[in-house]
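Look at the two complexes coming up: chain A is in both, with chain B in one and chain C in the other.
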Partner chain A sequence: MNLEQLKQDAKAALEDGRATLVIGFRDRASECVPAFVASADQADALTYDDTCIANTAAYLRKPEVRERRPVALVARPEVMRSLVLLKAENQLTDDDVLVLAVGGDTYHGVLTLSDVEALLNEQYAELAPEAETLAEIERLEAMTAEERAAFWAEQLAKCTRCYACRAACPMCYCERCIVERNVPQWISTAAREHGNYAWNVIRAFHLAGRCTECGACEAACPQGIPLMLLNSLVAREVRDTYGSRPGYDAEAEPVIGSWNKEDGEDFIR
Partner chain B sequence: MKLIDASQLDALAKTLAGAGYRVVVPAEDGDVVRYAEWSPEVTIRTDAYPVNSVKDFLFPRSEVIDRYELVGDDFVPKEVTPEAPKTALLAVRPCDGQALAMLDTIFNWDFEDDLYNARREATTVVPLVCTQADAQCFCTSVGGAPDSSTGADALLRPADGGARLILDPLTEKGEALVEAAGDALAEGEAEADPPADVPVRFDPEAVRAWLDENFESDLWDLLSLACLGCGACAYACPTCHCFDIQDEKSGTEVVRLRNWDSCGFRLFTQHAGGHNPRPDQAARWRNRVMHKFTYIPERFSLPGCTGCGRCARICPAHVAMLDACARIEEESKKAPVHES
Partner chain C sequence: MTQASAKPDADTDTDVAQEEWTPRIVAFVCNWCTYAGADLAGTSRLQYAPNVRIIKLPCTGRIDPMFILKAFEQGADAVLVSGCHPGDCHYTSGNYHARRRWGLFRRLLEFTGIDARRLFFSWVSAAEGQKFADLINQITDEVRQAGPFDATNPARKRL
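Here is the complex of A and B:
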């Protein structure tokens, strides 16, 4: 990957004021960690490889980042989809962000959100979850309901309700999350069985038609809960039922939040 | 001395379980290692860092502290007995033992926490000396050590190049555990291996001195920028002890819960009237660092952070306490900027 070009582009954007902050990644003791570059001389620290899994778009939720717009973000295809989706949900405009687009081994250059949309549709239209995730979903679907319930009871018993999954997700930008309301108490705050089940399933539901399967939540989970099994399953159902994939069209209406005459009804039994 | 083959920790766990202990060990779970209750299916892993701490077993992440039943028009209180099973924390890290000194103090400071104390009384702590450390460990920078026996009832020490473990009882509870271990332990002699080399990375006094003078520093914005405001660090931390009380109902029963809380959450200091004295992540992160490195040391003459590095290992944004302290120490060496 042409990392040198990425660094040069970051420097140029900072120098000419197209961005006042670059959010990307740097190496720290052989780990890929988020980097916040505010001046050109710091841009040499920027790096990128496939271990850079954090979704940089999640930082756009922070007021201290929003107030420094325009911000440049290093973004891989799933993160680019997050950005296009944020635009579709009226959270971002083309003037707010510049994208230093990466994908596989390629650095695509500095793009606006509109360019990013074009790039995604041209070159990344067939993004799919990890083969491992799909295989595991298949394995779960082949189980009986009891076996599946036992699987999730075991996995979700580990949840400590730290909400790292929510914090790492760019689409979880509600100023007051459903789990923070107790009038009424939608979700038990206790880090045990039914509260954990409710939290994780409801978050997956709130992401229906909004999850770009970036995997940042699963990577964020300190307990190693396989969250992508939930999110990828829901994403598949939305795709199969409504033919929709989020983050490819900034003009698209939200799938769950809108009604279309063509919507099928075969799930009504 | 009492000895056991390093590969026979399972056998020791099994014997102790048979003697009535709830045995907690560092257990493998896919890609993570987590302190969990031992059972024959568990694989004990002493080579990796657990994502949780022993506080899970003394101060659970959620517990019922009060229970009421609606009978007619009245709320009738129901008995709540704290679960305090006889527990052995086996092959935990010395930094966990170190943390207990602080938790014991906090939970008996201005109020004696019966729930914590009941469990603490029933718990025997058996750390395993570390012969390896990683880039996030900094116990030696905060008055700890990889072979610390602080908070330990008995200490496991690797010997003979890691092939065997020496078990030294240090307290009455430790003696009782050694006795309960019976034949799982052999008598003999072995040469203890040197503990891990954990270089000192910063001077906590320099950090504390800077913290006491720099509440308003711009450095807090920089240090906190990567923080996403979740609770992962506070929950993994062996010394973090803040909690939230929640009342929840189910049918005709109301339970009062004590749940873990994190000062990283925006809601932590949100007032009912709308004001938030820690309105941004910089203020919240500042509180975290100050708590660990000046408020606790000042009030209790104890380190508020044991340098275990868990927070850094599990943080989704890779924010590291060690980095923050090193940066603060660096800052403390610069000429002071006086604001008038």
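Here is the complex of A and C:
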């Protein structure tokens, strides 16, 4: 990948004021961590490889980042889809961000949100989740309900409700998350297992038709809970049942929040 | 009667746990169609299983997925969501929204270990008292077959 060009572009954007902040990645003890580059002379620290899994769009909701718009983001295709979705949900305009688009081994240069939409549809229209995730979903679906319950009981027992999954996700931008609503309190926040199921299931459901399967939540989970199983299952149902591909069209209606007279109802008596 | 005499304390509060298990079904129904349908079943003196606890809401579109999670958490063996037939919604489109929501949400519940035999959705109009009574009898039978909702299920309240 043309990393030098990416650095040059970041530098140029900061110098001519098209961006006041570049959110990308740098090496820290051979680990890829997010980098916030505010001046051109720091741009050389930027790096990028396959292990840079954090979704940079998640930082856009932070007040200290918001006030610095326009912001430039190093974004892979899944992250670009998040940006298009944020635009679709009126959280972002073309003027707010500049995208340093990366995809696999290719650096696509500096793009606007509209360019990003075109690029996604032309070159990344068939993004698929990891084969391992899909295989594991199939394995679980072949189980009985009791076996699946036992699997999730074990997985969700590990959850400490740190909400790192929420913090890592660009689509979790509610100012008051359901888990913080306490009149009435829907989800127990006690320091025990109770509430783990409700939290993890409702988190996945609130992302129905909004998840781009970037994998940042699962990577952020300190307990190693396979969150992508939930996300990818819902994403698959959204795609197969309602034909929706979130993040490819900023004008598209949200899956939850719109309807069609022809929607299937074979499950309704 | 024989059961009652075998367990003389079965009707006291202290002996609830030893009572014979019978399905506990929570029904979230809309004000305009299914609730009126249930009302019609009542005023028509139709008998149906007493295992259902009806919670009336303005519209199926008002039924948050959280309600369903809460019901299972608090010990329901099954949940029914019921509202107006497509096209009949008092608020024009609430039931269409609900239909789409449940189409996805039930898949997520099944995937995380809630048996599909514990999730029921139906359209019952204000004129369908008989349908409501039949439906409740049917799903009560089905839940009885499925048995009590496992206390070790992750969806149940865990302390």
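Just so it is clear, the second predicted complex is superposed on the first by the 262 of 269 C-alpha atoms of A that agree within 3 Å, B and C clash if a C-alpha of one lies under 4 Å from a C-alpha of the other, contacts with A are read in each partner's own complex, and residues count from 1 in each chain.
FYI, contacts are C-beta pairs under 8 Å (C-beta built on N, C-alpha and C of every residue); 3 or more make two chains touch, one makes a residue touch a chain.
The structure displayed is predicted, hence computed values, not measured ones.
Trainee: I'd like to know which partner A:Gly104 touches here: chain B for first, chain C for second, both or neither.
Mentor: After superposition on chain A, A:Gly104 lies in contact with neither partner.
Trainee: Which partner does A:Ile268 contact after superposing on A: first (chain B), second (chain C), both, neither?
Mentor: The second partner, chain C, only.
Trainee: Would you sort A:Ala208 into first (chain B), second (chain C), both or neither based on which partner it touches?
Mentor: A:Ala208 contacts chain C only, not chain B.
Trainee: Please work out whether A:Ala167 is in contact with chain B alone, chain C alone, both, or neither, and reply first, second, both or neither.
Mentor: first
Trainee: Between chain B (first) and chain C (second), which does A:Gln223 come into contact with in this model arrangement: first, second, both, or neither?
Mentor: In the superposition, A:Gln223 contacts chain B only.
Trainee: Can A:Glu237 be said to touch chain B (first), chain C (second), both, or neither?
Mentor: second
Trainee: Looking at A:Trp152 after the superposition, I want to know if it touches chain B, chain C, both of them or none. Which is it: first, second, both, neither?
Mentor: It touches chain C, and chain B stays clear.
Trainee: Touch check for A:Arg192: first (chain B), second (chain C), both, or neither?
Mentor: Touch partners of A:Arg192: chain B and chain C.
Trainee: Using the superposition described at the top, determine whether chain B or chain C touches more residues of chain A.
Mentor: C
Trainee: Residues on chain A in contact with chain B in one complex and with chain C in the other?
Mentor: On chain A, the overlap between the chain B and chain C contacts is residues 192.
Trainee: Which of the residues in chain B end up touching chain A in this complex?
Mentor: 29-32, 34, 51-52, 61-62, 135, 221, 225-226, 228-232, 234-236, 244, 246, 248-249, 257, 259-260, 262, 265, 267, 280-282, 314, 316-318, 320, 323
Trainee: Please name which positions on chain A make contact with chain B in the complex.
Mentor: Those residues of chain A that touch chain B are 28-29, 31, 33-34, 36, 54, 58-59, 62-65, 158, 160-164, 166-168, 180, 182, 185, 188-192, 195, 216, 219-220, 222-224.
Trainee: Can you list the chain C residues touching chain A in their complex?
Mentor: 65-66, 69-70, 73, 86, 93, 96-97, 99-116, 120-123, 135, 150, 152-155, 157-159
Trainee: Quick check on the complex: what are the chain A residues that touch chain C?
Mentor: 137, 140-141, 145-146, 148-153, 156-157, 178, 186-187, 192-194, 196-198, 201-202, 204-205, 208, 229-230, 233-234, 237-238, 241-242, 255-261, 263-265, 267-269
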